[in-house]
Amino acid sequence: MLHFDSDYMEGAHPEILKRLSEINFHKYSGYGTDAICESAREKIRGACGCPEATIHFLVGGTQTNATVIRGLLRPFQGVLAPDSGHISLHEAGAVEAGGHKVIAIGNRDGKLYAGDVREYLLGFYGDENHPHMVKPGMVYISHPTEYGTLYTRQELEELSKVCREYKIPLYLDGARLSYALAAKGTDVTLKVIAENCDVFYIGGTKTGAMMGEAVVFPRFVPEDFFTIVKQSGALMAKGWMLGVQFDVLFTEGLYLECGKNGIKTAGMLREGLRNMGYSFYIDSPTNQLFVVLENRKMEELKEEVSFSFWEALDKSHTVVRFATSWATQEDEVEKLLSFL
Amino acid sequence: MLHFDSDYMEGAHPEILKRLSEINFHKYSGYGTDAICESAREKIRGACGCPEATIHFLVGGTQTNATVIRGLLRPFQGVLAPDSGHISLHEAGAVEAGGHKVIAIGNRDGKLYAGDVREYLLGFYGDENHPHMVKPGMVYISHPTEYGTLYTRQELEELSKVCREYKIPLYLDGARLSYALAAKGTDVTLKVIAENCDVFYIGGTKTGAMMGEAVVFPRFVPEDFFTIVKQSGALMAKGWMLGVQFDVLFTEGLYLECGKNGIKTAGMLREGLRNMGYSFYIDSPTNQLFVVLENRKMEELKEEVSFSFWEALDKSHTVVRFATSWATQEDEVEKLLSFL
Amino acid sequence: MLHFDSDYMEGAHPEILKRLSEINFHKYSGYGTDAICESAREKIRGACGCPEATIHFLVGGTQTNATVIRGLLRPFQGVLAPDSGHISLHEAGAVEAGGHKVIAIGNRDGKLYAGDVREYLLGFYGDENHPHMVKPGMVYISHPTEYGTLYTRQELEELSKVCREYKIPLYLDGARLSYALAAKGTDVTLKVIAENCDVFYIGGTKTGAMMGEAVVFPRFVPEDFFTIVKQSGALMAKGWMLGVQFDVLFTEGLYLECGKNGIKTAGMLREGLRNMGYSFYIDSPTNQLFVVLENRKMEELKEEVSFSFWEALDKSHTVVRFATSWATQEDEVEKLLSFL
Amino acid sequence: MLHFDSDYMEGAHPEILKRLSEINFHKYSGYGTDAICESAREKIRGACGCPEATIHFLVGGTQTNATVIRGLLRPFQGVLAPDSGHISLHEAGAVEAGGHKVIAIGNRDGKLYAGDVREYLLGFYGDENHPHMVKPGMVYISHPTEYGTLYTRQELEELSKVCREYKIPLYLDGARLSYALAAKGTDVTLKVIAENCDVFYIGGTKTGAMMGEAVVFPRFVPEDFFTIVKQSGALMAKGWMLGVQFDVLFTEGLYLECGKNGIKTAGMLREGLRNMGYSFYIDSPTNQLFVVLENRKMEELKEEVSFSFWEALDKSHTVVRFATSWATQEDEVEKLLSFL
């Protein structure tokens, strides 16, 4: 059976396992106060060009989103997000459980545009009833988006501009950030993100780590954020288990290398599918491909390959998702193509 | 200055004030445990044809919605509501502050249709990722809606049917219920509501009471709902202050009479506007009229009348709302028409 | 049947009913934006000697406590309160429902002492694990306390001093404030309270109002507190219904007069009981008396008088509470004494 | 430098690292739906003698406590816990952040006794005001306690009995469960726990795992608990990372072996200290020793050993904690003793 279901199906990059073995019986202080975490933070600060950044290591994506949002918002505030955003749809109400509304704005190709944010904010403050409404307190985007699409540097700058104008932080969910950074033609680097966002996270789970997301506050950090992390159940006792993974991933560019493998194998798959005449539901430059299959073909394929159902397109066609990852092998792609 | 801003601009029906004076120095037990509350409950049970109903008196609408929803939902559940619903837009995130997502469904004329609810539920349970999503745990509607429109009996029955099929309660927000009950041609009575809804509230604030909303559970009541009410800050110490108002309103049909005055005066205004060639943004059969005004006309009118801005229609026209109430006088309507 | 159960058993002071009737058909703007509320605010500012104060009118005590605490605390903070405090025991978890821990400190005669607060804070900051603990974010006291006891001016000043040292607000719950202000020998006035507390509320429900509590922020107000009030379900549509009651109560010293009646009748009762040899569980100078009764006597009394059970003292004695109020008549006290 | 600070200072048992390496490139389905998790669950079911148990793998202790409590309680309920319990003191308000009060009951040697629970419940239901109070909805204990002490089988049975009488679940926090199971003379086995508790967790983080806690519901599981886990940010994408650790720990009794090492090395240390005349603050039969040191001695020791400050005993003595673990070596204990 071939597996193209998602990018979190394998364990960890072998370098991480090796390092874990080496340090296994060293004794570290808990809760991220150890030297390995500090080393990882310093490398991330370097990669992001923000030497003053505060960095926390959390375990997973939903947890990170819920914790960051709780840490930044006041009770009367909500978070603006594209209606296709992960926090809008697939986090089981974690943001609302923290007391905050996700204010969904229509997406275009999975993205939130500065113009739409501005229009919402103008409408909000122009409505004399706005003190009876949830106040927009931050903007959430994901990069790549849930459709695998990417913001351009200019789009990020425009979002940043409107956020600064209204004094609300811009938060970027980088669950799959390595695949964004490694995509062809992108002008969005870690430094660009750090310049334009007030907080973002660098996803480890989907890029070579067993688990772990590095939250970066380039310029400021919310008051007592450590306690917020603890209260949110997001503080690992053996914090260095997260730190060591990021320390390895940010040594000699491994994080980017992991991303490149996902991009390269997705590229092979994309080209193969195009050559065979398949059409794409959306044009994704990263490691998730959204392909239209005839239902009969899809059923046949299921016997050999596991992949994700995305949505029914019409009575006889379905959109499915194939995801590559940091660990996908070229021969797996070739085999998949041979079944199509 | 004339006032057509809203239906909660006057105090209380004189019968209520009279009764309050009469009982003022009688001593009652607190928290709604007194005989007047019980008398009011019994009259409401009679009017609704549900002798087993449990009834609680709360103070205001947002409070009532938040309390009922907290009492009925489990933490992993959200409430389906039209995207124009009061809980979706104008309650400052009170539902989310209680930990629950408002799942907004597209409205038609302010209404939520059974077909759209069913489609959402089918989509939800058809999505294999649904355990990662907020589970629909109840359906919220308002009657009249925020646009002054009304459900038909058949529409309510269809909503009730889909809710029962999926075993989720149907909740009706009756902030302006008197105006729905008194509207011409409606086939929705209190009994129809009690048959089809699992919980609803009868609004007092906008119909002759100083404040107060009567929450009716026709058949079951959530466990320890009294404590939920207390915890939600919605339990009045002098509960009989609410009870006595509903006792008066449900004596000799006064509640319906109040509604009829709103309908009658709105009808005069509607007809007058039509005769003068004004057009309506939406066809509302109740006490709120949504009228299109030229901006110049609107500015002139503001000097004599206060009313609500609704939305800009185009560069030179605005939709405004005129609301009548249980207390509106015919000569006020005539005067308003004379300014138009 | 005589009633000495509580101080919220009668309706409203006749002056309030009179005023309500006079303004009944005047049209006011909603949500506390009207001229009567502003007049009441101005009178309260005068009485408190704080011309810059921000004042909101809320409906009830639990609601007010929950709303003020949510408005002031950040998610990682809790509120220090005496373990006998209303928020510690009798608000059904309203503070916790808002996400905050009530950190209970041992009381002495219902009071919280500055020394105990300081000791807690020293212990907290001296504990290296404190980032894993709930951070003390405000101090809550009630005046009179739940045992009817009173702080002295010096005690308030000491509490204020420790709060300012640690930069946490001091909040005073004045549900029965009139009885504190009217008590004999007290040196705590509204001005003293306003000088020493960062927020407090003046209770109306237990002093001549149908309902209503006036929240006073003498010097600062939390950001977007109006929206917090709305979200907490504590914003009355007909806000002037609250405003008018405080406007009457703060005209010609009526609030203090109401308190004096409670104090005077409690004084008669206290003296009568003493003369008859009854002993008191606690020495309360306000309108609640905690009296030790033989169980047989208590059972007899129940046939003529309703009062509150407080706690079992030993096998044959019980502590009961008799409460007088703004409305208690001298002949009621005489009659009660005749039964004892 | 010697380290006796805590039992979560080393990585993972070498068998776990070995197994992780072996399966690293195998592709598993996400969120705990894989075969390794199922294998681990089956082994735990066997060890606990409860073949019908539902088992979820979560990441850390605070997270687990907050998630289980949110899953079991209704909004009007709180959790009874000893005032020394982890949820009472050291979880930064995670339970309150979920909306629930921790109702602290006085502990004796860190333990909660059935008699005290019954007394609280009797008092609660005997108080006519209890609908205004937080309803006790579950009982939380930890085993070993925060003081390293242990319940006897009879004590657990008595707690279970009172809980069943009042129909509230009994929850056991087993963060350090291995050290309880391995303690000398204990009659509390996993089967005894499963018989008497309605939910408990088997701690991995402090016993040989990198992270991970196995939540066991022996007989029932709260509705949609998976979604509660997701919403609480406690669902790991690569769920098998947790499953594999428990699969190894529950193979050939490794979990108990790990516990035994902690007990054996603590025993050596305890005996050594006794022989040298040191006194203990509390008599702990598990892997945490609470020792009284002269302050001068303590300062000297700090240069060679890291350990935990517990509390100041008097002006010249301090209670400190030494913790051994699954990984402590005998020569480390000998070295520590040589410094004392």
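Here the chain labels run A, B, C and D in written order, and each chain numbers its own residues starting at 1.
Methods note: a residue touches a chain if its C-beta (ideal position, glycine included) is under 8 Å from a C-beta of that chain, and two chains touch if they have at least 3 such contacts.
On a predicted model such as this, the values are computed, not experimentally measured, just so you know.
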{"item": "Type of chain A:chain B copy interface by residue overlap (half), same or different", "value": "same"}
{"item": "From chain A, the most remote chain by mean C-alpha position", "value": "C"}
{"item": "A-C against B-C, pair bridged by the larger set of C-beta contacts", "value": "B-C"}
{"item": "Centre distance in Å when chain A and chain B are each reduced to the mean of their C-alpha atoms", "value": "42"}
{"item": "Distance from chain C to chain A - Cα centre to Cα centre, in angstrom", "value": "50"}
{"item": "For chain B paired with chain C, centre-to-centre distance based on mean C-alpha positions, whole Å", "value": "33"}
{"item": "Interface hub residues of chain D, defined as touching at least two other chains", "value": "75-76, 91-93, 97-99, 131-132, 227, 230-231"}
{"item": "Chain A-touching residues of chain C, taken from the complex the two chains share", "value": "70-71, 74-76, 98-99, 131-132, 135, 223-224, 226-228, 230-231"}
{"item": "Touching residues on chain C, where the partner in the complex is chain D", "value": "75-76, 78, 89-93, 96-97, 99-102, 104, 128-129, 131-134, 309"}
{"item": "Partner chain B, residues of chain C touching it in the complex", "value": "3, 5-6, 8-12, 14, 17, 20-21, 23-30, 59-64, 66-67, 91-94, 97-98, 205-206, 210-211, 227, 230-238, 241, 327"}
